[in-house]
């Protein structure tokens, strides 16, 4: 059940998505704007034409935009939708919001991170002062009729008096998040199922620990004895993980520290096509539907671009990469 | 006299506001430049960190996003959002955040969410990200804006990040223990906030800009009676900025 | 028939209650032995972890404290208290905690704090440590006790760790989502809790112990009508315990 | 002020204690029972005869017991006082409680850790269900007259209704802890002031980040370029640290993972003398007052015992050490 060996958990992206994710689920996306987006799983979700997903994230970029653009998302709780200079505001996200195609609710990055943290610790809520008197606090995004159903809390947040203060002292209570599924991309998974993420972890660990199911894609599988020789470096114990997909470059076109940089040429390509429905559909056809697995996707990206973004061993990114 | 761009003037003006030892919550773009200018010129003990969890990176190359792998390289610590925002709000430290926005009001409240009705806006921006948190928790905030009437507005369409709220003591009464905007740095001028009313006033205009130019581009009444002229960037400042900080001209273009 | 000690019987009896895949919150002493017996004999996929943050250590040598460096060696993850207690209470997992105490009442509530007045006790014990947390958050608790009248008491001097509280549905009504004591394993017998009243009853006596012996050493009324005799440890179980788990006889003495 | 270089921060234990700790301060102890106790600093506090300290910790052992025994402690918030099998209940702690020599308040380990976490994040409180209906919740330890003064919160904790639950759902709110000073022992500090702890971190990081001042003792100082080559392994940024004391073996007789094990012979010695006032005073004289610094302390411990407890490079503890 919480087996130590990876064998039962190693599977294809197709199997992982069909086994652990279903229509209407609340899905948490790992990574942050241009780094470690679980792109392979995002593309697989689109291929399986899963609909009505309820996405929860702090700041997200490429995977989020693709999922929204492909019509997989009905609800979104978010702090930030952008892909750095390649899309200061995520293009399909912006369009979906302005066209009323998705229901959404805004929080801040700290607020969302605190909600994941509360969920990961089994606490009902977290208290913060961040956001007092702002519209993040004053305006709810989801319709009242949906409050208290499925994964939508009965209120967006609450404000109470701090019982430990001598004088008037208001704090915001943020409801915990416990998504149905988290998808994250890691550099390493051990043959025992232990996950090791290098570089910034963003809120990936809180998201994974808060979720009922976790799907991990990774660059490399390492022997058990190696990954356990220095457990201080590890990120998640095996028993949190339901599925492991060994798929190098599966965060492409976003970056994976120590393995590859973000791919400016692909992100520019996306930037050019995403704004128009027809060209975006073509992109989906060409880069998602017509490339059924990671191998064919990488063939399409091509060796030249993969080599160009390869990370410098010492710096962890592609030194001198043309990013203009 | 050396030529310089508005962007260079903005970065250098903001950089000058940093004290040595400050802990700087930086975004990308001009805020990256400002933080690095300060650190390389007069505030060598300041520390630049990112909400994503990268603390004090080497920054041999400029990051283009706060999750750029360049913010993870040569840091003293790679962590995540929870730790970063905890540092931001830690009362032990003087933390200064750089923020931009789509709209600002006279009290330095910011909108980076949307225009029009929140539920069905006619323009949507990325959202708060960490901006609301920085505006809530940092010791001080320096705001970068393009100086346009449609951005300096009487009333925000959406209040994403708290400034001085409705002025006077309202920020404190709302429950914030510290912080508030320190200055607004635009492509024309530097604004500060009155110590009592917390209303924005014109502090300095850039060489070649008049107070009237600023009034023309500001959508609310702004006191210009205290304004003087800003010092142009020195050759030294420009040289550091151009040769050490952004030699690839990724942001300076 | 192989000879065995009461301690061996306790460790093996408790170990048998573990299901494969359980996540085991272990202390030291007999609870370490019980957890390891289970893992090495019939529950190979169970995971032993410690409140200090050591998850699934190799345990080539037995730790003598939960902060012993032996709980940090060969783990899948070295972390800290926050992470450990978060795992303990995570509803995804079936987590079983082993606890000891100075006093127990009929509902499996435990005292590991003090005897007499709390503010000026005549005996002081270490305190809750993680015991209250385990009793509050785990899916189930297995309790080790020395079977003595002064330990099995009508009323605790101090309620450190919540069992079934006042019985029936009271634990649930108090706000706990799950958990509660599963069994009490002593040097004489194994007790369980009635599924409705949540009162302790005698489940099994060890070979050579009678229900009357148990009654004599229990300070409150206990139902003995359902008791049967416990199975003695097998040679295989004893051999694993003695040769693989505690060959240095640090705990078995 | 928050300088990057360690030079200004490197000092003796004597200087660190006299500069950053004063009578009446709230002091947080790093480590856990038999591991990474900041023993050098504890002995220095005793030598400087600081009184009326208000100690906050989760589970603590040797340093705590020494400080209590030497009469430095007036107030104590604690989850557990014990030193493994060497003192299932800390001996001077037990005596001080039973004799009414200190004021104390009990919490659980998770509760104390949550209070440090709240403090480290600048949150006013944390919510948990752990401890509902127990005497940890029902009984306050400190006198009512001291509530709301100094570092003692106006109430031990509070119980509120979870505003996000549809039905009756009570949760405990625990007040944040923000100690005046934390003392911790780490394996490594970089020349830039970065701290790296190997093995379990317990709640050391939360404690340090919650405190106004942090004193760190360490086994080794590492070059800046080395400690920054793999920042994923680091524990605390330089700006949290006020004082660094380079003092190998300064957690002795408790363990320091990868450097040395706990010292069973010293802990047994302590166990034998601590129960009696006269023999305990002799111990203090011999092992604290008469050994003014770490060098003389280590001379007294002796090479034989130091070598006996030296950690195996691969396992991180002293393999086969006689621990009976």
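First chain written, first letter: the chains are A, B, C and D, and each begins at residue 1.
One rule holds in what follows: a residue touches a chain if its C-beta (ideal position, glycine included) is under 8 Å from a C-beta of that chain, and two chains touch if they have at least 3 such contacts.
Model, not experiment: these values are computed from the prediction.
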Reference interface A-B: repeating pair among A-C, C-D or B-D with over half of contacts shared: C-D
Intercentroid distance (Cα basis), chain C paired with chain B, Å: 56
Centre-of-Cα separation between chain D and chain B, whole angstrom: 40
Cα-centroid distance, chain C relative to chain D, in whole angstrom: 28
Residues within chain A bordering two or more other chains: 129, 169, 171, 199, 232
Junction residues of chain B - those touching two or more other chains: 72, 74, 78, 82, 85, 89, 137
Chain contact graph, described as a line, ring, star, complete graph or other shape: other
Residues of chain A that touch chain D when the two form their complex: 123-129, 148, 153-155, 158, 160, 162-166, 169, 171, 173, 175-176, 198-199, 229, 232-233, 314
Touch list for chain A against partner chain B, complex: 31-35, 58-59, 78-85, 88-90, 93-94, 97-98, 100, 106-111, 113-114, 117, 129-136, 138-139, 141, 169-171, 199-206, 255, 257, 261-262, 311, 315-317, 319-320, 323-324
Residues of chain B defined as touching chain A within the complex: 28-29, 51-54, 60-61, 64-74, 78-82, 85, 89, 113-114, 118-133, 136-137, 158-162, 165, 174-177, 248, 250
List of chain D residues in touch with chain B within their complex: 1-4, 120-122, 190, 192-194, 209, 212, 227-228, 231-232, 234-240
Residues on chain B engaged by chain D in the complex (per definition of touch): 20-21, 23, 45, 47, 55-56, 58, 72, 74-78, 82, 85-87, 89-93, 137
